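Residue numbering begins at 1 within each chain, and the chains themselves are lettered A, B and C in the order written.
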């Protein structure tokens, strides 16, 4: 696959590093892990979503296994999180911001790649969301937690918005770098608003959750 | 892939909808989820088994990503379960019946497709069972439960019977629509008998389980 | 894929059987399962790592689905564990030794196969480790435990050593049967030393774990 435009590539690489860092930190906080566990979960968070997408569209071997930059940044994020986990705890907000950048760019690039490989509207949107949230979901499942994406704060919804906007723009033949950045920006803003005001997506009607 | 015969296709689509509905309801009952979580788990239950099968036999992109009918019915099942979860609680038996139809048809169609793609007897049987139970297993794993298929009631055994019958019929060159329906019916009957009498597959000898 | 040399093949088949046996025994001990659950988890432990590797490098259908010997040995290991679980409890050490053989050979063969399919250094090493520990990780996740590989004893580290040695030898063009056996032996020795002295990989600095 040819590189995306430099700006999108830079954001994509930033997101990969942020996911590796954030994924490993989540793992350190949640359970007792050694260096292998922490770095593995960081790399899974950073690369997992893209790997699932690539397997499902037939882009084998997955892009992140071929392009050493993604692989190295994910590994670096995990290692740094392992070494500095105590200090990074104080940097929650910058890491959340980096994580939201990753979420946004992954959703846009993932959806666009799925269309490239011939998938229809619905599946391409789904794979955009999977690219964005798949890695974190694998991590949460492996450490025995119900995946965050399934239960709290606006996490999948902004990714869904970005993926729909991306696929719609491609179908309308108006997809371009500014459009991709606008879709990612919309995702980023919704996500940060959700974090700031602790918003959640609607719950099933009539069920009371007391905790 | 060409469509299967109309009757089998209708049952396959019915099963997809039932799995989406049932999968989402299971998720609502088991844990605290928002709309994204409920619909996601419904779709995973409905489409997960077939996706794993298609990835393993090399039918990429997976059939359910290409054929909008499966995708839409799985999505509809999840959304309906989300909106009506309180009322659907009273419809346990009809939903169990629909779920058993899905189990039966998925096992037959999954095993037949694996043979189509050149797999041997054992692997084709395994993939038939995976098609039938894979989606529910992913759902259970993600919400932190030991998958039902591993621990209770006759669930995998009837699927195994249907898959063995299907692959055997193909090997004996007597596979046809009536045979496929008979294999699915055998699975359906065993499953419903298991539900009615709460039967379980044998436990390891010598272990006492008191709960 | 042509068979590996007879000695390596024999060790690979031994490892498959041992993983099936050990994986099923772990499942029997950890949770309440019927025969389907126990055998399924045994087969997943034995075949899961290789299946993930083959999906990611595009070797479809996975080798263990095509070669009946792997499939049968994994199945046999799971069935024997189910039938004899009480007696096998007394054979912990022989089973641990067989498991370590599987770990060692899987890491070497997995890494070599990834290079064969054109993957770079880092990804090939990663896939060697995945081949060795992937099956057990899936099993642990499905029975609701944080995977052993992430949290205790030296398990992934020896596999990593063997995979790095294998890929390095291939890159230096000195890969041969003795080299493969030496890499596997190194993994085996480190693993057994870890078991004997209950060694663990380093934990994140500054965190205290009291249990």
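Note that a contact is a pair of C-beta atoms (placed from the backbone, for glycine too) under 8 Å apart; a residue touches a chain by one contact, two chains touch by 3 or more.
Heads up on the chains, UniProt names are A, B, C = Membrane protein.
Please read these numbers as outputs of a predicted model, since none were measured by experiment.
Listed here as common contacts of subunit B (Membrane protein) and subunit C (Membrane protein): A. At the interface between subunit A (Membrane protein) and subunit B (Membrane protein), under half of the residue numbers appear on both sides, which makes the contact a different-residue one. Measuring from the averaged C-alpha position of subunit A (Membrane protein) to that of subunit B (Membrane protein) gives a distance of 29 Å. In subunit A (Membrane protein), the residues touching two or more other chains are 55, 141, 144. The residues of subunit A (Membrane protein) lying in touch with subunit C (Membrane protein) in their complex are 27-28, 31-38, 40-41, 51, 55, 60-62, 65-66, 68, 71-72, 75, 82-83, 85-86, 141-144. Residue ranges of subunit C (Membrane protein) in contact with subunit A (Membrane protein), taken from their complex: 55-58, 117-120, 122-123, 126, 137, 141, 144-147, 149-152, 155-157, 160, 200-207, 209, 211.
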